[in-house]
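In what follows, a single structure is set out as structure tokens and then discussed.
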Amino acid sequence: MIEEVIVSGRSNPEIDPYLHVWGWEIPFYLFIGGLVAGILFFSAVYTIRGKQDDYPTAVKFAPMFTPLLLALGLSALLLDLSHKLYFWQLYTNIRWESPMSWGAWTLMIIYPLAIVWSALWIKDVFPKWDWKFKWLEDWIEIIRQYQKYMAWALMVLSIVLGMYTGILLSAFNARPFWNTAILGPLFLTSGLSAGAALIMLLSKKEGEKRLFARIDLMLIGTELFLIIHLFMGFLAGTNVHIEAARLFLGGEFTNSFWIFVVFGGLIFPAILELLELRKIKIPHYISAILVLFGSLALRFIVVDAGQASRWLY
Amino acid sequence: MRYAMAIDTKKCVGCSDCVVACQVENNVPIGHCRDWVVEATSGTYPDLSLEIRSERCNHCTNAPCVRCCPTEASHIVDGGIVVVDHDECIGCKACITSCPYDARFVHPEGYVDKCTFCIHRVEKGENPACVSVCPTKCMYFGDTDDPNSEISQLLRKRKWKTLIPEAGTEPNIYYLT
Amino acid sequence: MIEQIITSGKHNIGIDPVLSIWPWEVPADLFLAGLVSGLLIISTFLTLIGKRHDYPIAVKKAPIFAPFLLLIALFFLFLDLSHKMYFWQLYTNIRWTSPMSWGAWTYLFLTPLTFIWAAIHLKTAYPNWKWPYEWMENTIEYLKQYRTGLAWAILGLSLTLSMYTGILLSAFNARPIWNSAILGPLFLTSGLTSATAFILLNCPKGSNEKKLFCTVSLISLGVQTFLIIHLIMGYLSSDLAQVKAADLFLGGEFTTSFWIMIVALGTLIPAYLHVLYLKKIKVPVIIPSILILTGGFFLRYILVEAGQISHW
Amino acid sequence: MSKSLNRRDFIKISSLGLGGLAVANPIFDWLGGSMNSGESLQETIKRIPTYCEVCFWKCAGWTHLNEKGDIWKLTGNDNDPHCNGRLCPRGTGGVGMYYDDDRLKTPLIRTVVDGKQTYREASWNEAFDFIAKKMKKIADEHGPECIALFSHGSGGKHFGRMLKAFGSPNITAPSYAQCRGPREVGFFATFGEGIGSPERVDIRDTDCLVLIGSHIGENMHNGQVQEMSDAIDKDATIITVDPRFSTAASKSKHWLPIKPATDMALLLSWIHVIINNEWYDKKYIDKYAFGLDELKEHVKTYTPEWAYGITTIKPNVIRKTAKEMANAAPSVIIHPGRHVTWYGDDTQRLRAVAILNALLGSWGRRGGFYNPEKKKVAKLDIPKFPKPSKTWRDAFPDQYKLAGLALASGICDATIPAADRDCSFKAWIVNGTNLISTLPNQANTIEAIQNLDLMVVIDTMPMEITGYADVVLPECTYLERYDNLRISGHREPTIALRAPAAEPKYNSKSAWWMAKELADRLGLNDYFPFETEDQELDWQLKKVGSSLEEMKKIGLKKFERKYDDLYPLEGLPEYEFNTNTGKIELYSTAMEDEGYDPLPKFTAHEEPPTDFYRLIYGRAPMHTFSRTANNPNLTDLMDENKVWVNPKVAKEWDLKNNQEVWLENQDGIVTSFPIKVRVTERIRWDSVYMIHGFGHTDKRLSRAYGKGASDAELITQTKIDPVMGGTGMRVNFVTFLTEAPTKGAA
């Protein structure tokens, strides 16, 4: 029997008995990052393909939320920082090896872009809207020409933001559960499907809803595949990875993960969407909300499980 | 110059003097600690073996906590000592999650704090507080680049091990077994 | 300094001093499987979204090569088996945990379907083609109506096949280079890129199909580069074995071959050439395609080789 | 958990607190690009000498002040043989006692407020008048001898002087009858000299160290731990005899997992083997020893096979360890231990240890027992103390005749009025010891206290004992006061000074000042000739050729030994022992005269009934009994004790790790608080182990209240040692209660 005991009473807050430094702020921030990435990606793609009129909510209406959502996400991140007054230090240098650093810079760039992007569409969404100041009006007209390039930039940046939320966690080799490269694509797809779900929720046009339902189905399919791939990767990894996987196959996170995230967040909404596509009358907002909830729960559970998996004693 | 520490588990009696001395020397707030003592017992009664280790930050050469710090608050100064600059740390705690030894903590004032090998003493040529207080003199501190420093000779003479070397961080605290 | 040497003179062939039991057959098989599944994915996907007629080459002409390439891939795999007579044992059970097993089963189902798929499209590609036997003629006619069902099946199977090529390697935690979860998606995208390159090869000049596939190839090259960088970063931020394994590509013996053959020649230069083509600058499309195909093969060859050298 | 309070304010916090300035500060730093390595550099501006009061080892050291003049840290004095510049964890954590805000703050006097007994704060003069009036009344009615002083620490000397001047000789410390007593008597009866503290064992040069019930490394006797680590370096053989796999056992070459209460059998079988195989030091024994033949005849039947049946240690192991000892002789030590009051036959057991050492010829030889020397310091020229008419011995006619010092448990029993005793104690003065947890059988102690007219408690912390006192006087910690010079016997005689590093906090005062004030009120002021403590010290130091000024600079002064007799018996010179026969008495004539067995015999002890396990208690390296139980730095290391349970027993009782259980002893007494279970292979299946000094019931100890369980509550049975009155405390058995006991705490 091996008994390893800390006898000098180590009880650092947030670290002992097991790591719990990141509470609800970081998972919420990652979810928001994924959602915003999803919305901006779709709106950018459909502007490039010139389909802004066929899918008004996706291209015009949804981005309206992004500035607000980003503000929420950033405030959650700020809340999580324990040395708040020094947060601006993030922007004193770029550290390529630290995902947290280039994640912060992406947010710094994406935030104004999102504002400008929604400013461009504000006229179409709220016709009555008028910019009080003259110079604002023509300033927006000037920007309109660069809309194409902005769309491209937004698309690339949203992909990077979506991937960042996953890679932030996968860079920590100290936490076996996070240390897999699959987390990046998984969080990207989960963000995109959350974006699609939100658009489905908001849109009024039937055609748009059907398109995004189909996209969401495909994304949920890939997400399920990635989750299975994640666990197979762990089971074929080193013993700390196997232990981390066991947290989900019989360990403490088993039912909360498989019921809420996989079934409630992915499979059930997928079935609902399938039925919808088969024209069976189902209130469409159920599956959308379930997908959003599933995506949020995924991040909460992954962050908690990561902090529970460890190398030592 | 590569500072490192060696701990002779044959002599350590697990009295935690290193923990109190570190707390008092560096004003570590009560309820937090930068180093701790582990007793590892194996076997069954009466065929038992006990290894006692005083653990702290390993000041790794390939430190994941330096790699993942967004503001370069966590950085390596000459001598290989990993320190956190209180004014640059924003407390995002990425370094805490990235350390496989759980050797960091959030200081009540917000920045992240950790063992600094008592850099303010080492700069004056003294040993870290824990090494200079250890009653069984089982802790050795020195420069492993210098072949005839006490620690280098010990590492040549004695069998030693490091904690989870497979984590890939190249720790610099050696446990003489 | 910890010195660990085997003093009892162990030198098994293929295993000592460095593992080299999968020379070229397996990488060739992985490459071809990736290419075939790429082709099938593209053609079935396009049929499913109803664009069958807009892109004749991609949907009809390219898949005709697919069955032959698949056969060659299977032949290479067969060549690699050392106990060839017992290859049928593969099909005595399904072992979900072993990628090799469900890879073999996918091959089993996919090959006939690919033949049928190619047969359906044979007539349109070569109108004057005449089936030697009468019954073959009407069975093909009869099968045409099941095209969408067939498309869905082939799409599913070829997706699994291309992911199989990646996961086959990532399932071995003994080989740090292979033990990264990113290999699956990387081989999938690399398969798609080589498929687009193949399609571009036999596209008539100036057709909009060519333009479309140039952009598709550009995008998938971009994704491929991103995944490669993600692969290397994944190694560096992982445990000691993978950090040491990453050194093989960052200063070790594979640095030149990896960065030049795969990254430069295999992805960046063809991407640049595609951009030029899209900007209407006269570029013979052969060069990027050939580069992509060779880059695809080398990607698999070098990864298999490096994987066998990296160890704990 | 303790409040995460950071009292030692340091510059960074103040800058952060001032809002705007805080933001400017980091920017300023950033611009300046200061390479602030995160440590505010605290120079050692001033250091003041002191010697440590946290335990009886009294290591000399320095109190360092930070640049704001507050007490910062404690380090050891480099040329002090007790600690060689390295303090133990409790010494380093001593600053916690100074900064602990639960300290007693002002004198308290017991009053009754609407029917409930509480304390009211009082001024010092009022408290002293109250005490003096009561003491005079008791002295008139019953005689001054009816006042007793319990003390454990340097405060006791001052009150002792005052009490002796008042006419009472009854000054005792729980460290005699509850700890070291049997060892002193055992070795005195054999070699004519006791062991004293710090123990005179020469571990540094020994080749073989045998530990029976002495857990070096867990009891953190600084000097010994350092010398043991040197011995480990020198590859000395260490043999540990312990039912528990202690830290020392893990360092030893041979660990003998003995069945508890059977050490005597092992010792006797060792003596048997060494004599019969002629492994003993013949020249040494022939020259110095007396009674070898009687001993040889006596141990004839105690063969290793016989011992195997009792101790479960295999015969070949007994022979092999005996051979190891003989090979290393004469530099071998059978360590006498310190807390040795276990089973009631302790003096006889220590006699066996002494005989074994004598046979191997280690007394007075290098690597064995050296001869410590103390520096003679002039006594204060104060008048002779009045001759007391009766002493504590009269309370115990012809009992415990060999007891050298007063028995704390004895005085406590003598306080309960008994028919055959004409008078009992009427007043207690308690200083620096928590009698509730040091004396066994708490109910008996509490009953004794009810019979007191006056009880004065002087302490730094609100321990349980302060709850029973009539008057509580707050003593300042050792960092805030002068005390007598530390004159201790060691290889070289040394004296050490304790000087205050800060003004006494709150309204606490030093024990010397209290004793002087009380003496003035009792008209004994000519026993305190000097106005202040440092004048007294300065006078003494001048007599020894030093001065207070010089001592303040060097802290500790070494002196040459008068004659070169560090190892008196090296080379076997002519030597007269201070025993009846002038020789080492293997056959003890002194014991025989008093009617006790001259040669140690084996007595079987009581076995635990079924479902009961023997309660073994011990020390943690980071605590001194309950004295440091509320020290913020040390409770941060360990704030509660756990009960060690063998996995087989845990499976039987279905106990999980860290599960909370209550312990009930054979008399049905249940611990007032639950204790967590630690399932570990390191304890035998027939006993449980827990660390002494926890489970405090006094709410004012914020960090210690209700943490862990108190083993003192469970020690209700004690076996009194007939020879010197020591209370054997390892005779209690406990069982587990997995639910909270319904009836209130005992």
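Quick notes
Going in written order, the chains are labelled A, B, C and D, and every chain counts its residues from 1.
To be clear about the criterion, a residue touches a chain if its C-beta (ideal position, glycine included) is under 8 Å from a C-beta of that chain, and two chains touch if they have at least 3 such contacts.
Keep in mind the model is a prediction, meaning the values are calculated, not measured.
Hopping across touching chains, the smallest step count from chain C to chain D is 2.
Between A-D and A-B, more contacting C-beta pairs join the chains of A-B. Per-chain CA centroids place chain A at a distance of 62 Å from chain D.
Remark: chain A and chain B have CA centroids separated by 37 Å (rounded to whole angstrom). Chain geometry summary: the mean Cα position of chain B and that of chain C are 48 Å apart. Measuring from the averaged C-alpha position of chain A to that of chain C gives a distance of 30 Å.
With touch defined as above, residues shared between interfaces to two or more other chains in chain A number as follows: 1, 3, 5, 7-9, 11, 13, 85-86, 89, 92, 97, 171-173, 238. Touching two or more other chains at once are residues 1, 4, 16, 26, 30, 622, 636-637, 647, 680-681 of chain D. Under the contact definition stated at the top, the residues of chain C that touch 2 or more other chains are 237-239. Screening every pair of chains for touch gives A-B, A-C, A-D, B-C, B-D. Those residues of chain A lying in contact with chain D across their complex are 1, 3, 5, 7-9, 11, 13, 85-86, 89, 92.
Taken in their complex, chain C has these residues touching chain B: 237-243, 312.
Of all the residues in chain C, the ones that touch chain A in their complex are 97, 163, 167, 170-173, 179-182, 184-185, 230-231, 233-234, 236-239.
Within the complex, the chain B residues that touch chain D are 10-11, 13-17, 19-21, 23-27, 29-33, 41, 43-46, 48-52, 77, 83-88, 108-109, 111, 113, 116, 118-120, 132-138. By the touch criterion given at the top, residues 1-16, 19, 21-22, 77, 80-87, 89-90, 92-93, 95, 97-101, 103-104, 168, 171-175, 178, 238, 306-307, 310-313 of chain A touch chain B in their complex.
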